[in-house]
Amino acid sequence: MPDPFRWRMRVRFSDTDASGRIHYLAMFRYMEAAEDEFLRSLGVAYAEIEAAQGVSFPRVHVEAQFVSALRYDEAVDVEVSVERVGETAFTLYFDASASGTAVARGRMTVVCISVATERPVSLPAMLADALLAEMDVERRSRAARA
Amino acid sequence: MPDPFRWRMRVRFSDTDASGRIHYLAMFRYMEAAEDEFLRSLGVAYAEIEAAQGVSFPRVHVEAQFVSALRYDEAVDVEVSVERVGETAFTLYFDASASGTAVARGRMTVVCISVATERPVSLPAMLADALLAEMDVERRSRAARA
Amino acid sequence: MPDPFRWRMRVRFSDTDASGRIHYLAMFRYMEAAEDEFLRSLGVAYAEIEAAQGVSFPRVHVEAQFVSALRYDEAVDVEVSVERVGETAFTLYFDASASGTAVARGRMTVVCISVATERPVSLPAMLADALLAEMDVERRSRAARA
Amino acid sequence: MPDPFRWRMRVRFSDTDASGRIHYLAMFRYMEAAEDEFLRSLGVAYAEIEAAQGVSFPRVHVEAQFVSALRYDEAVDVEVSVERVGETAFTLYFDASASGTAVARGRMTVVCISVATERPVSLPAMLADALLAEMDVERRSRAARA
């Protein structure tokens, strides 16, 4: 069974704040970097879809819980999984940890809009298919581990 | 009855992304600026409390919904209100609009931790009192408007 | 004689880093906010020019010297002046201080490019005229103070 | 002869602005990421030195020239080299390219200060030695290529 997709980054000095720990805005940037690489691993890079189909992928809902702190230069692993795939939007789930300790969990709902009309449009079939297939793999993988 | 606290900012070019609209990370920065000024308006600036009491105020939960887009140089008004005051944490609610149109809503749960132990500690009395008094004012204000 | 244009901001928590002081990237954001407001004060807001003329204003050179530190919640004043106006580019100079103490100095060279061709084009006459007039005012103002 | 140190990153969506291209602030973040990894490759990670010696490394001068644009999802390589090593400060030089095309060049002067006094102090010997040795390697490498 495949492991969940995981992307590793390091806390840079500009990602910290005067508390001596990471500022949470940096964690959202790590999640977005992991999201880009996750989609690329599924063969559906945003940049290519956007150029080919005249669509854009703004976030309509973003949330995160921060459970423990990170410091400058620590390595952080962000796991990405697909939580929901709808007609015009989908939701990704993020699980960030450092040396195996949970540091943050998050969720982003991404909508597909037409650049021309700025209205939601159906997810490109290639993207929807890849997300649904991945959701299925993840479901089986969790079942096998249970 | 007083209006809710409101803080105005402008979308800077570095706050936008290649979609031509604001990137949501900037909206979180606007909310935090509004939060600073809201607390100052209540007489309880974080910077002073932190220095005086050896505490820090990390966010443990952050969420936002983005309902319409902002573009470069638009003015945005962020209203702040108190949603909940607990023993060691409190939750603020944010309502951002531009020319009266809703653009985003958000919520941040802020915990008070000791800098020395990095553990949650009781909210400084001065801060808890100010937040509870403000919550009461907001409640009466909503009742009067209803 | 008029004072130089000056724009006040506050150091937000997300502008600091683990040294306890401002991270210099935030200072560049302050300079850009001051730049927007400076141009607006001259009647030549970028947003309007860009929309009307199909041009964009990327930076080709940026530099800054950081002479003393700022901490969370300090107020900072950024003065902007015009250093040079060329055919397709101009250079602004920034002088940031807090309570009268110098904190940073910077310089940005901004080029006007056509959005269609991505090549440098002549500065819009309205912008060039406003910058040259302002440069003249600043020169006389310095002479009067000398 | 060894190649210069090179660190690869990708342009994330939050690194772009409404011009459709990278915002230059992101380029400074890439340079700092490359700087961290460059020093680690020399065996002198900032995070360890800071913790061990009670020092901090603020930038006193930063500059960059932006020679061509980057777009979302492009890969960018940042080369780092040592330009100068002084008693309390040193200067790094950055050369960023994408698919072999120059995109930016920059320079940062980093000073070593005592966290306790906030005054410049001598560079830790281990760091100064590593930087001087690297400068020597780079010099010979350039000579061999010439």
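Here the chain labels run A, B, C and D in written order, and each chain numbers its own residues starting at 1.
Note that contacts are C-beta pairs under 8 Å (C-beta built on N, C-alpha and C of every residue); 3 or more make two chains touch, one makes a residue touch a chain.
Quick caveat, the model's predicted, so the values are computed rather than measured.
Steps from subunit A to subunit C, minimised over paths through touching chains, total 1. Summary of the copy comparison: rotating subunit C onto subunit D for the best CA superposition needs 180 degrees, to the nearest 5. Across A-B and B-C, the chain pair carrying more C-beta contacts is A-B. Centroid to centroid, with C-alpha atoms defining each point, subunit A and subunit B lie 25 Å apart.
Mean C-alpha positions place subunit B and subunit D at a centre distance of 36 Å.
If each chain is reduced to the centroid of its CA atoms, subunit B and subunit C end up 29 Å from each other.
Taken residue by residue, subunit B touches two or more other chains at 13-14, 19, 21, 25, 29, 71-72, whereas all remaining positions touch fewer.
If the chains shown are joined wherever they touch, the resulting network links each chain directly to all the rest.
Residues 10, 12-14, 29, 32-33, 36, 45-47, 50, 71-73 of subunit D are the ones touching subunit A in the complex.
Across the complex, subunit D meets subunit C through its residues 19, 21, 24-25, 28-29, 56, 58-67, 69, 115, 118. Partner subunit A is touched in their complex by these residues of subunit C: 13-14, 16-21, 23, 25, 71-72.
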